[in-house]
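Look for chain A in each of the two complexes below; its partner is chain B in the first and chain C in the second.
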Partner chain A sequence: MKSSADDAKRQARLFQLKRYGTGLAFMLPWIVGFCLFVAIPIGWSIFMSFNQVKVVPGGFKYDWQGFRNFRDAFLKDNVFPIELITYFQEMLLMVPIIVIFALLIALMLNQRFPGRFLYRALFFLPVIFATGQVLSELFVQGAGDIPFLDQYNLEPLVTQYVGGEFAKTVMGVLGRVVLILWYSGVQILIFIAGFQTISPTIYEAVRIDGASPWDSFWKITLPACVPFISLNVLYTIIDLFTFPLNPVLKHIKDNMFKVETGYGYSSALAWIYFGFVFVLIALVLWLFDRSMKTRRVRS
Partner chain B sequence: MIRRLRTIPPFQYVLVTAFTLLAAFMSLPIVFILNHAFKPQNELFLFPPRFFVQHPTARNFESLFLHAANATVPFTRYLFNSLVVAGLTLASVIVVSTMAAYVLAKYNFHFKQLILATITLSLMFAPETVSIPRYLIISGLHLNDTYFGHILPALASPVAVFMLVGFISQIPGELVEAARIDGASHFGIFVRMVLPLSVPAIATISIFTFQGVWGDVETSTLFMQDETMRTLAFYVNSLLSGLQNSVSGQNMAAAAGLLMFVPNLIIFLLFQRKVLETMIHSGIK
Partner chain C sequence: MNTALWFRKVGGRLRDLLWSRRAQQAKMIVLGRSLSDGLLAKLILYVLLSIVAYLYLQPLLYMISTALKNVSDLLDPTVKWIPRQVTWDNLSKALKGLQYPDALRNTAVLSISCSLVQVLVCAMTGYALARLAVPFKGLLTALVILTFLIPPQIVIIPLYVIFSKLGLLNTPFVFLIPALFGQGLKAGLFILIFRQFFRAQPASLEEAAKLDGASVVRLFFGIMLPLARSACLVVFLFSFIWYWNMYYEPSMFLAKSFTPLSIRLDGLDDVLNPSLLGNTKIVKNPITEGTKMAAAFLIILPPIIVFMFLQRWFVSGIERTGIVE
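Now for the complex of A and B:
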């Protein structure tokens, strides 16, 4: 009796192990690639950020510096902290604008009207530009600006309403309205996919119960979309953070090939930047997690 | 037809008009790129700049191809490299990421939570900052001047896995269980069920991956020392940066801009139907 129970247990363990094994086998190619080209380089760059890296014939020479690179970034560098703060202010304004804009557009695109396939395609098209050459050439041509900012001299007006410190940020965001439009393609797509997960029968039910479209948006669509909103917020933050024309990243890259600062210092800058964004993302995740939990408790 | 039009409520008229305006605004850059590439030299420098081309000409493309033909490496070689690299990367990223995402979404195994956390973390890390350690690894593995040097760094894409995990976990677990009871192997389930069901997500990541690979100059700049192994993106990039202030090359730059953009558009048009269609008609919630 006992032995058969043991047997069953062993068999269960064997089964479990086999399942684990399959899982790991499927993961293996990805894990190997990831370790080689993502995990190890990232670890390496942590190590480098604590060193002064010098290029000598036949390789690199590392001089252990402790936290000096990190200290220098804030105390000696007179560009990095300012750029970091300005960019973060801009991001904090841009992210909600992009997400709300995408939500509105997606809501409208979700309506039934003739030719909506075409419109959906058109709104996603700008994402194609978002990579590399084409975008930067458009910027060189000045296609990213909108002329009315200068024409109507909006800057004093903005300064008057939001105060001197934020005026620059607000103007920066206004100047990038076109970019916001272009950058919301993926978010719109995610929202549209999200709307498909809400079953139409719910809408029918509330319509029979006498709810207006306005009510059904606030009571059904929006709560059901919370996970997609959080996904979009994360996506937008990451998208802006790794944006190729981002001034902070440019500063980091410039430092990488300077002789007196070198790769160690630029790694340290990158890690500071990474730390800031990580805190921001953790905050966003925590907020959404909490709101989901309270919703679950209430329902 | 008229009766159909009459049944459309007035709200939809407003909607369609608003969308047409917005869409027209969004498509401006496409129109601009298209027109710019066909402008003759004298129109490129008109001030104020014109949006539409007056006398379209194919001279720009001609001079681009001729310029490349005179160089040591013919233009077609860059094109061939780009096609090979983009095709192979796309295929391998799809296979590797779907496999990984499938087990992450549907199986339990050691370190699963750790792997998921690392994926989310590494999403935030800008690839530029790890380029030098990557170079050291590539040259350590002797992958310089091979196609592997182009493909392998892009292989383990955290973004692709991140998106696929979200999608595949929506496939009902009962469906997978049922297939297992009916005697399907792990691999069979993956090929026959998970792959077809996740076509929309795969289409989406294909668009992203293709754009990333097609426009990537990093692998060509850092890992390839042999000019014959470099890609079209690198060629166009070096052409553009060499011409920054010169007047004579602007027409080539305009043509090259269109050339870099068109494949993206084609891939997008190919996959976009799939993305939108399957998103709506997919039987699973």
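Now for the complex of A and C:
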């Protein structure tokens, strides 16, 4: 009796193992790759951020510093904190611009009209161009200006309403607005795909109930799009995070090859930067999660 | 008195005209039953989309027009879009400066092979996360998302050391091997796309195949992967474009040999005028500007051609994949 129960247990375990086996076999390449190319580098980089790293023939020489690198980033470095704050200001402006623009364009492209596929192709083209080098080349040449900025002399107006330091950020963003909009190709696609998940019968129903298109946008399209908006906000943040012309990343890269700071200090900078963005992402996730929950409760 | 009467008469006529059947039909055509199917709405739609399309295309047009200008046209502020004299000089200089055939081959080999490998590995990983029994599945999924979030700048130096220890630097394997192990460019995103796709498939399919005695491997390669054609195409194209355009990683790993196009563009200045070596990077230099734009155009030309051919399937594929659910 006992042995048969044991037998059954062993068999169950064997069965479980076999089930796990196939799953693990499918995952194996990824797991190996993760350990080798993600986990080890991350651990190493954290270790380096607490050290002064010197390159000596045949390897690195580590010099334990504790939290000094992190302290220096804010207290001694007179470039990093300013650039970090400026870039975050720019980001806070750019993310809403990109997401709202993508939503509007996707709404328009979702209408049925002749020649739609041509326009759709056109709006995806930026994904192809938005390469680091080609993009920064275009930035340097000033190809991203919008003509009306100079024509209507917007700068004093912006300075008057927004005030001093922040106005510079606003003007900087406005000056490159076309190239920033180039970053919305993927977002437009996500929105278009998202619209397909809303069933057309709902629109029919509200139209019979006498809702105008204006109402049906606010009451149906927008609420149904909340998950896609949050997805797009996250994607945009991550995308801008590695923006090729990002001054923070440039500063990190510069410090990497400086003799007095080196790899240790630049890894510390990179982790601070990542920490800030991670907090931002967590905040966005939390906000959207909460808004989804309240909506569910209300309905 | 008389004029008031006249006004009333005209007003009545106008009202009749407005409410007549014809007028209603005309109104229907112009304004439409709902917002989107009237002529007026269509007109506004076209105008708005065309304006934005122009803004989108402007840098591309700028690229082409600058590439066709000679130096005197470039220096002349009165010449804006159309060069006085079309010159092919920039294009031939760019072809030579980029070592185009050679670099094109490198880039194409790299992006096509890596993308193919990536599609397969990411599909397998995504399938395992969606359907198979894997211990610590939640944790593994979180780690997949983490790989997508970690910026390459953080891990670039340790990776450099690892790759140099493995002897992979300056060979295409420096990108192929991570792709083989599911750590290619933005692999986390692709794994999540596949996971989403496979989760949306009906479970009855697998059960039927299992009852017929198909093994998991056979089930995956025989049924699930062919089902995921549209997802595969989307992932392949995205991956292809991102590998084609990547700049930061190859600037570290492929600086000496097997250099792809994007790195050659960066070094173009030094090739064109070696006397200015060093501090020529972020300066607007009117003499090399045309050549640089020609080079930029040459770089984005192949992906544009690929995209033009696959565009139709691509957009509909994204809609069908349900990537975003």
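Keep this in mind: the second predicted complex is superposed on the first by the 270 of 299 C-alpha atoms of A that agree within 3 Å, B and C clash if a C-alpha of one lies under 4 Å from a C-alpha of the other, contacts with A are read in each partner's own complex, and residues count from 1 in each chain.
Keep this in mind: a contact is a pair of C-beta atoms (placed from the backbone, for glycine too) under 8 Å apart; a residue touches a chain by one contact, two chains touch by 3 or more.
Every value quoted in this text rests on a predicted model; they were computed, and no experiment measured them.
In this superposed model built on chain A, chain B and chain C take up the same space, so to speak, and clash. When both complexes are overlaid on chain A, the residue A:Pro29 reaches chain B and chain C alike.
Of the two partner chains, neither chain B nor chain C is touched by A:Pro223. Contact with chain C, but none with chain B, is seen for A:Pro213 once the two complexes are overlaid on the shared chain. By the touch criterion defined above, A:Gly194 lies against chain C but remains apart from chain B after alignment on the C-alpha atoms of chain A.
Overlap of the chain B and chain C interfaces on chain A comprises residues 19-20, 22-24, 26-27, 29-34, 36-38, 40-42, 44-45, 48, 105, 108-109, 111, 113, 117, 119-134, 137-138, 141, 143, 181-182, 189, 192-193, 196-197, 231, 238, 241-242, 249, 252-253, 256, 263, 267, 270, 273-274, 278, 281. Across the interface of their complex, chain B is touched by residues 19-24, 26-27, 29-34, 36-42, 44-45, 48, 105, 108-109, 111, 113-115, 117, 119-134, 137-138, 141, 143, 181-182, 189, 192-193, 196-197, 199, 231, 238, 241-242, 249, 252-253, 256, 263, 266-267, 270, 273-274, 277-278, 281 of chain A. By the touch criterion stated above, chain A contacts chain C in their complex at residues 16, 19-20, 22-24, 26-27, 29-34, 36-38, 40-42, 44-45, 48, 105, 108-109, 111-113, 117, 119-134, 137-138, 140-144, 146, 178-179, 181-182, 189-190, 192-194, 196-197, 207, 212-214, 227-228, 231, 238, 241-242, 244, 249, 252-253, 256, 263, 267, 270-271, 273-274, 278, 281. On chain B, the positions that touch chain A within their shared complex are 8, 12, 15-16, 18-19, 22-23, 25-30, 32-33, 49, 95-97, 99-100, 102-104, 107-110, 112, 115, 118, 121-130, 132-134, 136-137, 152-153, 155-156, 158, 161, 166, 170, 186, 190, 200, 204, 207, 211-212, 214-217, 233, 236-237, 240, 253, 257, 260-261, 264-265, 268-269, 272, 275-276, 279-280, 282, 285. Residues of chain C touching chain A in their complex: 34-37, 42, 45-46, 48-49, 52-53, 55-60, 62-63, 66, 121, 124-125, 127-129, 132-135, 140, 143-144, 146-155, 157-159, 161-162, 178, 180-183, 191, 216-217, 220, 241, 244-248, 262-263, 265-266, 282-284, 289, 292-293, 296, 299-300, 303-304, 307-308, 311-312, 314-315, 318-319, 321-325.
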